[in-house]
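Following are the structures in question.
In the two assemblies presented below, chain A is common to both, partnered first by chain B and then by chain C.
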Partner chain A sequence: MAMDTFLQQIINGLVLGSIYALVALGYTMVYGIMGLINFAHGEVVMIGALVALTVINLLAGSGLPGIVIALIGLIAAAPVCMATGFAIERIAYRPLRRAPRLAPLITAIGVSIVLQNLAMLIWGRRYHSFPPILPSTGYEIFGATISGLQIAIVVIAALMMAGLSLLVQRTRLGRAMRATAENPQIAQLMGVDINRIISLTFVIGSALAAVAGLMVSANYSIAHYYMGFILGLKAFTAAVLGGIGNLAGAMLGGILLGLIEALGAGYIGDLTGGFLGSHYQDVFAFFVLILVLVFRPSGLVGEKVAERA
Partner chain B sequence: MLEVTGLRVAYGGIQAVRGISFHVNEGEMVALIGANGAGKTSTLKALARLIDAAGGSVRLRGEEISKLAPHRLVGQGIALVPEGRGVFPRMSILENLQMGAYCRSDRDGIDADIEHVFTLFPRLKERARQLAGTMSGGEQQMLALGRALMSRPQLLLLDEPSMGLAPIMVQKIFEVIRTVAAEGMTILLVEQNARLALETSQRGYVMESGEITLSGESAELLADPKVRAAYLGE
Partner chain C sequence: MHFARPGSIPLAVAAAVALAACAEKKEEAPAQPAAPAANAEVTVRLGHVAPLTGPQAHIGKDSENAARMAVDELNARKLEIGGAKVKFALLAEDDQADPKQGTTIAQKLVDEKVNGVIGHLNSGTTLPASRIYSDAGIPQISGSTTNPKYTQQGFATTFRLIANDVQQGQALGLFARQTLNARTVAIIDDRTAYGQGLADEFEKAVLAGGGQVVTREFTTDKATDFAAILTKIKSKRPDLVFFGGLDAQGGPMAKQLKSLGLKAVFLSGDGGCTPEMINLAGAAAEGLYCSLPGVPLERMPGGKAFGDKFSAKYGQIQLHAPYVYDAVMVMADAMQRANSVEPAKYLPEIGKTDYQGVTGRIVFDAKGDLKDGAISLYQVREGKWEYLQSVGGETAQQ
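Up next, the complex of A and B:
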């Protein structure tokens, strides 16, 4: 097991993990505020990826610099995702605010299916490829390669997470979000319009999902209507790994899951004598999910989950 | 200032409050006393719009507020210190106080009021950065009261401020309640500790199984043989 392979997998894992972390934040924010798993969140990422990719493909021959095109793609995708997130909450969750907890879980799956099929109608069943607009120069460090795109993904994800942390910890809106998460009734007494806070939570999470969607499609050079499902499940795993409801946990869980997957995929062949190949990558995420649920259901940095009714 | 007429509260088929009427004048402290389950807390919750009233009207300075969205109430000048205190346990003392001023935007005024709360409760100042959940029940009650004051209310609703507290803490809390009242605050005090409530307030109402059965000057109620027998343990 050469050092350079190891380092390469660490790099790949960090990139993948940054994306998982951004998506996981969407799950964990909504859970923190409403105690609800928004299983449609993965589809928001998918919509972000496909909208961005559509715009990017339209502009690919325009002669604009690749970074500008990617940015325009994001600027197009973000409002669509934010509107989708807003609509999901209004249509699928708000009418069920006082319903038993199973009900919104079922509508979440329903919304997920609706969005997938909607995307299939709009973009078809085929794979959409990301045009080669971004510089593909790689930088070598200790025998491993990291591309400009990979650096950009990690840096942008880190910036977005820092921004979100500042928003939640330091601003009046962030205080209102935390107050709503802790006790919505009391937050209302303070004058917090909790419906507005819940809507904003979905909108912010969806904006992060748009960024993540662009990152995924750029990183894998591909997007399709079905991509949100598995990505959503993994990001959900990351959120649970870190401790659902906890922002720092989602970030940590995302990065860790990315690393576990990348290292697992890199070494599974060696470990099993070639019996299992790197296409078993997905197994790791769900193996981790099972282990966490069995041994530490509150996650790595999570508190008691049962406290929220 | 507050005029409640025919207020009813029901949980499913059970009537917790059966059409009660009372009023609180400007600058007055009024006590609502009664046994556990008499409907006192339900009354306050309906006033604060935490639950929907089944009927009746609630007027604040003549304006009907019983249909208002709950988060609009603080803008009308009402603050509730809820039963069980209801501080935000994972936020610091300072953040809890800032939440109390959520609807205000006068930063200087807010800072001055935080200092004012700190002079009322020096203990809170010492622990300003500490998480509210790590404080004792009495300290949390101080915080809940301070937080309510942060919205600069015109009417303060207090729900069982003495509940679960050590006697020395109850004394401290009521000292501050008297101070706040002396500053001209209008207060509706709900208490199970009838003696304390009547000794602190000017007027009182006695609630029994969802109805108001007695009312009058607090001093008169304290002397009333029925009250003495039922609520003062004599």
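Up next, the complex of A and C:
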């Protein structure tokens, strides 16, 4: 086992895992407050990516520095995503708040299909590529390479997780969120406008989705109306793995899933003498998920927080 | 904050699975079934099946546009077959590149009693669907299915207008060994009937040529991150990396290969031989190699005229448009020679086809494969696919 290859696989896993974590934060936040899995979140990420990319492609020839263009793209994408998130909650979830659990899950899937097809109508079926505006120079660490963008992804994911935790634990809004999560009726009696809190949760989650969308499309240089689906599924898995409803759990679950995938694909073939190949990468990831759910049904760090809440 | 309530996670996972197999979409309502009366107008309904949603939607729509263009032209000619005016109608269906959906659509077209089927686009959907058409006796011509099995099942109804993956894999293997002089190769495929079939044939050809396969890796046709398998490949130091799959994965893969500092030549089959591939690979596109069954559009006998007509109507050709266009024309040609639009009557005539199409002279062998299908090789130079050389295909190159 060559050391540089191993280190490279760890980096691959960290970057992939941070991307999953960024998206998983959106799932876990909504779940934490409402107990609802917002399946349309992956689609909000996709819309963020496509809006940012459209703006960035318009500005790519303008001579502005790459980072500035990327930031303008993000500034354009964030309000669109926030409006989308707000609309999703208002149209698809709020009327069903007192309905049985299955109903909002089905509208979530419906919204996801509607958004995908809407994006297909607006941006077409083509793949959109990210213009080479960000420096792609890699840094060498003991024979492994990591690009500036990838470092940024890992750092931003960690910062967002920390920022969200602060928001939830330390601010007035966060206290209202926690109260709504614990018991919406009583929170309302205590003067919390729960409709406003839930809308804000969706808006904040969707702003994170815009950041995730930009990061994903910049890292893989590709955006497509269909990209949200697989990404959403993986991020949802990460959120469940870590303990859905828990912000640190989303981060942990994401990184863990990324590492499992990278190391699984990298070594499973050699370790089993070619009996299992890299096509077992996903099987391996879901196997770990099943194991975790069997022994810790609320995810890796889910329980602890639940006791406190 | 809450943690998961019992029951919610299995429910959500089930919903996710249901989402993956979600609803089918129809592009066009089926035409009215017409009763064939003397001197009346007969509607010939042709099914066209390709993925119109999902990651390959751009290639599927390209194919559908070509079929639609052929149908429009046939209608403009006001043909008479068996003493009746015929009107061609296209039933454009979406199989989402999903084998399950492919068979559902095939059954639906059989139930609607179509006169013939153009497609499907992917080998993975064409193979299971071909049995359903064969049982119903409905002729099927694919302009893009390259998996060898398609015509080897002993069905009388299966035809294709493109060289198969045995021919393509051999040509690619020879090219890698002899022209590029690669001794060690790494192979990646996307686990689809197409990607896997092509990679298998390539592997055989490389081994037969005295080359060495250092590792065989796998991905899916929906993946975007290949860092893990490419890192593993890097540790094996191959001269060449071959990818059996489509541009949506090939482009990002070529890019990630370069950013990981892998210095191998990158070669793919027809699925990576698109303008989109260059677009997606960005700066890493320069120097990529690919192969395409057939010859380049500008070397096709009717290529230039077809390209102009198509672009004026639908924009840039992605991949299979000329083959799909010819498929419709071959089917109509057999109907005219048989003087019937009944599948049972015109099917034998398809086998006897000798048709000068846009893509070249079309003659089928006993199995329904194109005789002397050519394979061409290309490389990206200054941001464009440049033609390098062709193998085989005497009839196509006349």
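Assume the second predicted complex is superposed on the first by the 276 of 309 C-alpha atoms of A that agree within 3 Å, B and C clash if a C-alpha of one lies under 4 Å from a C-alpha of the other, contacts with A are read in each partner's own complex, and residues count from 1 in each chain.
Basically, contacts are C-beta pairs under 8 Å (C-beta built on N, C-alpha and C of every residue); 3 or more make two chains touch, one makes a residue touch a chain.
Small disclaimer: the values here were computed from a predicted structure and weren't measured.
Novice: Based on the superposed arrangement, let me know which partner A:147 touches: chain B (first), chain C (second), both, or neither?
Specialist: The second partner, chain C, only.
Novice: By the touch definition at the top of the document, which applies to A:272: first (chain B), second (chain C), both, or neither?
Specialist: A:272: touches no partner chain.
Novice: Looking at the overlay, does A:16 come into contact with chain B only (first), chain C only (second), both, or neither?
Specialist: second
Novice: Just to be sure I read the superposition right, which of the two partners does A:191 touch: chain B = first, chain C = second, or both, or neither?
Specialist: In the superposition, A:191 touches chain B alone.
Novice: Does the superposition put A:171 against chain B (first), chain C (second), both, or neither?
Specialist: neither
Novice: I'd like to know which partner A:62 touches here: chain B for first, chain C for second, both or neither.
Specialist: Neither: A:62 stays clear of chain B and chain C.
Novice: After lining up the shared chain so the two structures overlap, which partner does A:120 touch, if you call chain B first and chain C second: first, second, both or neither?
Specialist: After superposition on chain A, A:120 lies in contact with chain C alone.
Novice: Decide which partner touches more residues of chain A, taking chain B and chain C as the two options.
Specialist: Residues of chain A touched, chain B against chain C: more for C.
Novice: Which partner does A:179 reach: the first (chain B), the second (chain C), both, or neither?
Specialist: first
Novice: Can you give me the overlap between the chain B contact set and the chain C contact set on chain A?
Specialist: 178
Novice: State the interface residues of chain B toward chain A in the complex, per the touch definition above.
Specialist: 48, 50, 69-75, 79-80, 82, 86, 88-91, 95, 98-100, 102-103, 147, 151
Novice: In the complex formed with chain B, which residues of chain A make contact?
Specialist: On the chain A side, the touching residues are 172, 175-176, 178-179, 182-183, 185-194.
Novice: Give the list of chain A residues in touch with chain C in this complex.
Specialist: Touch residues, chain A against chain C: 2, 5, 8-9, 12-13, 15-16, 31-33, 35, 37, 39, 101-102, 105-106, 108-109, 112-113, 117, 120, 124-127, 129-130, 132, 136, 138, 145, 147, 168, 178, 181, 216, 220-222, 224, 226-227, 229-230, 233, 236, 240, 243-246, 261-267, 269, 277-279, 281-282, 293, 297-299, 302-303, 305-306, 309.
Novice: Help me check something: in the complex, which residues belonging to chain C touch chain A?
Specialist: Of all residues in chain C, those touching chain A are 1-9, 11-12, 15-16, 18-20, 22-23, 52-55, 57-58, 60-61, 191, 215-220, 222-225, 227-229, 231-232, 234-235, 247-248, 251-252, 255-256, 259-261, 276, 279-280, 282-283.
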